[in-house]
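Shared between the two complexes below is chain A, which has chain B as its partner in the first and chain C in the second.
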Partner chain A sequence: MKTANKKAALKINGGSSFIRNKGDLLFYVLLLLIPITQIAIFYFGVNFQNILMSFQTYSTSENTFYWDAAANFNRFAKELKDPNFWLMIKDSFIVWIFTQLAGTVLALFFSYYIFKKRKLYNFFKFVLFLPSIIPGLLLVLIFQSFANNALPAFLEHIGTTLKPILTDSKNYFTVVTVFTIWVGFGSQVLVYSGAMNQIPDSMLEAGKLDGASSFTEFIQLVVPYIMPTVATFIIAGIATIFTNQNNLFSFYGSSLPGADKTIGYYLYYLVDASGQGMSNYCYASFLGLISTCVAAPLTLLVRRSLRKVGEK
Partner chain B sequence: MIKKKNLLPNSMIKESKSVMNIIIFVVLIVYFLSLLIPIIWAVYTAFNDIEAYYDFYAFNGDFPTKLVIDNFRVAFTQYEVQTISGTSYNFLEMTGISLIYTLGCAFFYTLTPTLVAYAAARFKFKFSSVIYAFVIIAMALPIVGSMPSEIKMLKQLNLFDSFFGMFILRMNFLSINFLILYAQFEMIPMTYSEAAKVDGASNFRIMTQVILPQAISTITTIFLLSFITFWNDYQIPRIYLPSYPTLAEGLFTFSLDTLPIVRDAPVKLAGFIGLTLPIVIVFGVLNKKLRINVATGGIKG
Partner chain C sequence: MKKNVVLFIGALTSISVLTGCGRQSSSSESVDSTKAQLTINTFDGGIGDKWLKNAARRFEEANAERTDFEEGRVGVQIHVGKARYADMTTQDLNDDIYFQEGFDYYIMGNNNKFADITDVLTTPNPNDNNKTILDKIDVNLRNYMNRDGKYYAVPFYDGIYGLVYNKSLFEEKEFYLKNDGTRTGDPSEFGTGPNGVQGDWDDGLPKTYEEFGQMMTWMRNDGITPFVYSSDKDMSNYTHRMLDSFWSDDEGYDQINLNYTLSGTANNIVSGFEGDTPITNSVDISVSNGYELSKQLGLYNALRFARNYLVGNNSDNFDSGASVDIAQQKFIGRKGIVNCAMLVEGTWWENEARSTIESAKKYGDTNYGLMAIPKSDASKVGEDATFMNVNRSYGFINKASKHMKLAKEFFAFLHTDAELEAFTKETNMTRALEYTVSDSVKSTLSTYARDLVAIKESEHVKIFSPYSSHKFEIDNTGFFSIETYPWKTNSYSSNPVTKFIDDMSLSARTYFEDHASYVTNYWPQQ
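Now for the complex of A and B:
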C-alpha cells in the first residue's frame, strides 16, 4: 500500500513516464546534480552575495571587502544631485521607448511583409537577420569609419559638407540610438513572422471576403492575434531600461564624447573601469540592487496590465 | 481542399500592390542599401592601398583603385594585444583562445539546458514541475547588476580568469533554451522510451540513442546561435578572462588603438573581416540546420 502511494505521489499529470525504481531516480539525480549545484552557487549564491555587497565597500590597500552600509548610499545620494545622473536616467528611458516603439512597430510591419510572402520576402528575411550574425563590433567599426571618413569625404567631393556625426557631443547619442534600432530587428522579425504563421487561414479569408485592405487586415486581425508574443517582448524589454548599453561601449569604450549615457553602460563601466580593480564593485552592486527593485515590480505591473488589456 | 491562393487570385494580386506593401517594400530596399553600401565600402577599403586611401580622403588623389592584401598581413601578423600581466598575444593566438572559449561555452550552454529539460520533461517527478516553474519565475523577474558579485564568487572559488571557470558559469539552464527544449522533449511520445526500456535499454541509452537524436536540429540550432553569440562577445571575456584575450576582445582594443601600425581604417577593417570569417563559414555550413523544430515526434502506423 505504501509503495503504491509513493508511486502515485511521484506520478503527476497522468504522465506515462515516472520514477519507477532506484535506477531511474539515480539517473534523474545525476542529470540534475551539476546544473542544480551551479544554480545554487551562481544564481542564489551570487544574488545573495550581491545584496550583501550593496552594504559593503572595498579597500584597495587591504584588498578586502568590509561592512559600510552608508558608503554606497552616500555616493548614491551625491550622484542624485548631479544633473548628469538624471540625464543618464532620461537617456535610458529614451533608448527604451525608442527601441520598443520604433523597433517593435517596424519589426511588425516587416514581419507582416514576410508572412504574406510578398516580393523578395525570403531575401529580406535574410537581410533583416544579417546584423544578428555579423559581429556587432564589425558593424560598429563599419558605421564609425563610414560616418566619420567616407560619408563626409564623398559629400565634400560633390561640394557639400557634413560634420562628423559620431564625435559631436550633442548628436552622438541620437546617432548611436538610431544605429541600435537599425541593427536590432533580427530576432523580433523571426519570432513575429513565426507567430503570424499560426493565424488560421479561415480568419484571414473571412477578412478578405469582408473587403479588408492589407492595412485593415494587419491592424485588426494580425496584430491582435500575435499580441501575446509582442507582449512577451515588451515585458522582457523592461529590464533593458537598466541593462541596455546602447552600443556605447563598442563605439567609445570608456571615453564618451559627452555626458549622455545609459544605466547599462554605466554599470558595465563601473565594473570594467580599467586599472581600478574592484573599487567600484560594491557601488555597482548597490546600483544593481536599486535597479532590480524598480525593474522587478515594473515588470510585474506591465505584465498584469497587458494581461488585463488582453482579457478585454 | 481548395488552396487560399487559388480561391482569391485577383484579390491577392490587388493586395500585393497595395500602398502599404509598396511602402514596406521601399523601406526594406532602403534598409538593405543602408546595410549593403557601408559593408561593400568596408570590404573594398580593407583592400585599399594605405597611401591611395589617405590621398583620396585628404582630397589629394582620385578614388583608390589599387587593391592590395597587405592590410590583412599587417592586421594578422603585426598587431598584438598585451594583457595586464604583460604577456602579448598575436592574431593567431587570440583566434586559438577564441575557439577554446567559444566552443567550450557554446557546448556547456547547450548541453546543460538539454539535460535539465530532458530530465524535467521525460521524468514526471514533482521536482520537475518545480524546475519548470523556477525557470519561468527567474526569467520573468529581472535581476540587474550581479556581475560584481559573480566575479567575486569566481575569485572565491579560484575559478576567475580560467576557461574552466567560464565553462562552469555557462552551465546555466535559466534561459529560453530550456523552455524550447522542454517543449521539444515533451512532444516526443513516452511510448518511445517505454518500448526501448522493454527491449532492455538503459536510461542513458534511451536518452542518447532514442530521444536526443529526435531533437538534434533544435540542439544544433541552439549550439550554433550560442557559438555566434560567444564568438562575437568581447565584454564578458574582457572582464572575466583578463589573461586570455579572445579575438573579439583583441579587436575591440584594436578598434580603439591609435598605434601607427593599426590606426588606419583599412588595416582595422581587414582585422575585423578576419573576425567575421569563421562565423560566415560556420553559418554557411550549418545554415540549413538552423531550425527550432517543435513539431517532431509521433509514432507512425
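Now for the complex of A and C:
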C-alpha cells in the first residue's frame, strides 16, 4: 500500500501519467473538489457578472444595462489625467506599506515578545487581540466617540484645546491609517506567535549554546523559520492594495474631509454612496477589472521574489 | 472563570453584530381579528409617529362599521410602527404603507418596492373638495415622479435646511436690524428684511450679506457664538444643504431650474474675474454644455457668503457638536444660559429636540424662527426669496401589500387637506405638498413652525424642488446626486462650509473654480 501511495504521489508530482490506483485518484479528486468549487463559485460565479458589467452602462430611467465598452474606458481615461486619481494610487500604496509591511514587522516583534513570555505578555496578547473580536464598525464608533467627545473634553479640562483629529483635512488620513494598523494587528500576532510555538526547542537551545543574543535569535532563527507564514500574509496582502478602504467609509461615509482616499474607498463610494443607485456599478466593475490586471501579476512577482528569498 | 469570560465576550460580540442590523417596524398593539388589518411603518427620527397614530385613530373611527375591506371583518385596525433603514432599496418590506426617507425614487421603483398608486393620486377626492393629490405636488417633483404616466409615491415632509435662530435672544440682545442697519430689539422698529416687505415673517432680519456679517460681529462682541452645527458624518451635509438655498435664492427660481431642465439661457455665468469681481455673461444651455451652470454667479455668491461672512476669519463665529443632539443642546442652552444664537438644521429639528426644549422651559419660554436668506448685495433687496427643498422622503404603498384596497383608501385619507393640516399641527412641520393651514391651527404652532408655514404661503417666497425629469440626469444619478453635486470639487469633497472652517486660507473663488473644473471635466457623456 505504501509503495502504491508513493507511486501515485510520484505520478502526481511528475504529472506525466495517469494515477493507476483508483483510491488515490478518488482521494486526489475529492481533495481538489473543495478549492475548485470555491474558485468556481466565489471567483468566477461572483465576478462573471462584474466582468460583463465592465463593458456595459446602466440606465436608471429604464432599469436596463446596455453594452457600451467605450463609456467606462473614457471615464477611466479622464480620471488618469486627474491629479487626484494619482493621489488616490499613492495613498493606496501608503496604506499597503504601513498596514502590510510596517504592520508585519511590528507584529513580528510583538509576537516574539509574547512567544518569549516576557513581562505582561498575556496582557499584551489580550490587548492586541481585543480589536479582532469586536466588530470593526463598533470599534470605529468607539474611536469616533473617543476622538470627538472624550479627548476634547479631557483636553478642555486640563486647559488646552486640539483641532478635532478626525475632521482635520490634513491629518485625518494618518489618524485613520494608524487606527487600521491597530485593529489589524491581532490576527497577525496570533498567527505569528502560533507559528513561533512550532519552532523546535532544540534549535533555539543550539542557538543559545552558540551564544546568540535575543536579537540574533529573532533575526537568524525565528524569522527564517516562520518565513512561509510571513510570506503568505505578504502575498495575500498584495490584493488589498486596491481593495482596502482603510476604514474611511466606516468613518466618513461619502463625506471625506479632504482629498486623500484609497482605491478601495473609491470603489465603496461608487457602489454604496447614498442616492447613486446602480449608476456607478459598471464603472466600479471596470475599475475592479483594471485593479485585478495590476494586482495579479504583482502578486505572482512578489510570490516569486519571496520564494527566491526563501531558497537562499 | 475562563468559561464565563468567554461567554461574556461571545455575548458581547453577538449583541454588537445584531445592533448593526436594520430595525424593522414594531407595534406592540394586539391584533383584533374581527377587524381588517393594516400596518404602517414610519421613519424613526425627528418626526415621530404620533401624527400617524392620531390619523389612524380618526380613520378607524370613521370606518368602524365598514365590512368591505376584508371578508367577514367589521371595521379597521391600523398598527403604526417605527423603523430606520440603512438601505431600504434592498430590504424585504413587510408593512402595507411606508413613510420613509433617504432612498431614491427611481431605485426603489426599479427594485419593485412600490405599488402603482396612480389612481390614488389622480382621482378627485369628494372628501377633499374634489382635489387630487397630484395637484398638491410641486411641478418638478410631479414630472420627476411620472414614470410612463404612472406614479408610485407621494413626497413626505419639507426638507428645507437653514439657520434656525433664537428669537427671544435676538430681542433681548437686540440682534434684529432696523431699516438703516442699526440694531434693535423692539418689534416696532424692525426693518423690512430681505424681501423688502414690512409686516411679514422676515422683518428685522439682515437684508444683505454685509448686514449679516455686522449682526455676527454684535453677537461675538456680546459673548454669543453666532452659530453651531453638527460635525457628525451623517449630518455634516446640513451645512452645504443650507447653502443650496443661498444658491437658489441668488439665482432665482427660473435660473436655478436650468440645472434640472438643461434647456434655456443662463444669465449669470461667471467667465472670469476682474480682481475679486466676477465677470458674467449669458450662455445658452443644453445637455452638451450643462457644465457651464457650475459657474453660476449664485454658486459663487453662496460660497462667498459661507467663506467671508458665515465662517469669516474668526473661529469665534461658530461652534460644533459631535452629534445633532449636542449641537441642539448647545443652541438651546443649559440651565437657562444661552450662548449660541443660530443652529444649522432642517425643518424637523424642533420635534427632534423636543425633550431638550421641554426641559429648558423651566427657565423660561424661548421662541425660535427660521433665518431669512440675506441678499448678496443691496440691489437685490426686495426680490422674492427662493428656498431649496432638498426632500428625499416619500410615502408609498408596498407592492407586496395584501390589503391594497384598504391601504389605498387610508393613503388617500392621509393626503386630504384636513389631515395634512393635522400633520402640521401635531409635528410643527410641513408636508412637501400644497395645502392651507387655518389661522386657528397657526395659533397653536411654535413660532418656528409659523415661519415655515409663512414661507410656504407667502407670495414673495418660492420653494424649489431640485428634481430633474431629464433622462440624462436620471441616468447619471451618481454624478447628479443631490448629496454631492452642487458643491463637489476635485480636491475638497462636497462641503464648502466645513472645508472653510477647516482651512481658513481657502478662498471662495478657489473653491468655486475647483468646482467648475470638476463638473466640466467629469460631465457625463451623452
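Here, the second predicted complex is superposed on the first by the 267 of 312 C-alpha atoms of A that agree within 3 Å, B and C clash if a C-alpha of one lies under 4 Å from a C-alpha of the other, contacts with A are read in each partner's own complex, and residues count from 1 in each chain.
Convention: contacts are C-beta pairs under 8 Å (C-beta built on N, C-alpha and C of every residue); 3 or more make two chains touch, one makes a residue touch a chain.
Model, not experiment: these values are computed from the prediction.
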Requested in this report: Check whether A:253 is in contact with chain B, with chain C, with both or with neither, and answer first, second, both or neither.
Outcome: both
Requested in this report: Check whether A:149 is in contact with chain B, with chain C, with both or with neither, and answer first, second, both or neither.
Outcome: both
Query - First, second, both or neither for A:71, with chain B first and chain C second - result: second
Report summary line: Of the two partners chain B and chain C, more of chain A gets touched by chain B
Query - Partner chain(s) touched by A:173 [first = chain B, second = chain C, both, neither] - result: neither
Query raised in the report: Which partner does A:135 contact after superposing on A: first (chain B), second (chain C), both, neither?
Result: both
Report task. Considering only the touch criterion stated at the top, classify A:41 as touching first (chain B), second (chain C), both, or neither. Result -> first
**Report entry** Partner chain(s) touched by A:278 [first = chain B, second = chain C, both, neither]
**Finding:** both
Query raised in the report: So, does A:266 touch the first partner chain B, the second partner chain C, both, or neither?
Result: neither
**Report entry** On chain A, the residue positions that both chain B and chain C contact, one per complex
**Finding:** 133-135, 137-138, 145, 149, 253, 278, 280
Query raised in the report: Given the complex with chain B, which residues does chain A contribute to the contact?
Result: 9-13, 15-19, 23-24, 27-28, 31-32, 34-35, 38-39, 41-43, 45-47, 49-50, 53, 65, 106, 109-110, 112-113, 116, 118-120, 124, 127-128, 130-138, 140-146, 149-150, 153, 156-157, 182, 201, 204-205, 208, 213-215, 218, 235-236, 238-239, 242-243, 249-250, 253, 267-268, 271-272, 278, 280-282, 284-285, 287-289, 291-292, 295-296, 299-300, 303
Query - Residues of chain A touching chain C in the complex - result: 58-63, 71, 74-75, 78, 82-84, 133-135, 137-138, 145, 148-149, 164, 167-169, 251-259, 270, 273-280
Query raised in the report: Can you name the residues of chain B that touch chain A in the complex?
Result: 4, 7-8, 11, 15-16, 18-21, 24-25, 27-28, 31-32, 34-35, 37-39, 41-42, 45, 56-57, 59, 112, 115-116, 118-119, 122-129, 131, 138-153, 157, 168-169, 171-174, 190-191, 193-194, 203-204, 228, 231-232, 234-235, 238-239, 248, 251-252, 255-256, 265, 268-269, 272-273, 275-276, 279-280, 283
**Report entry** chain C - residues contacting chain A, complex
**Finding:** 9, 12-13, 16-17, 19-20, 89, 102, 104, 106-107, 109-110, 231, 233-234, 236-237, 320, 322, 392, 471, 474-479, 481-484, 490-495, 498-499, 502-503, 521-522, 525
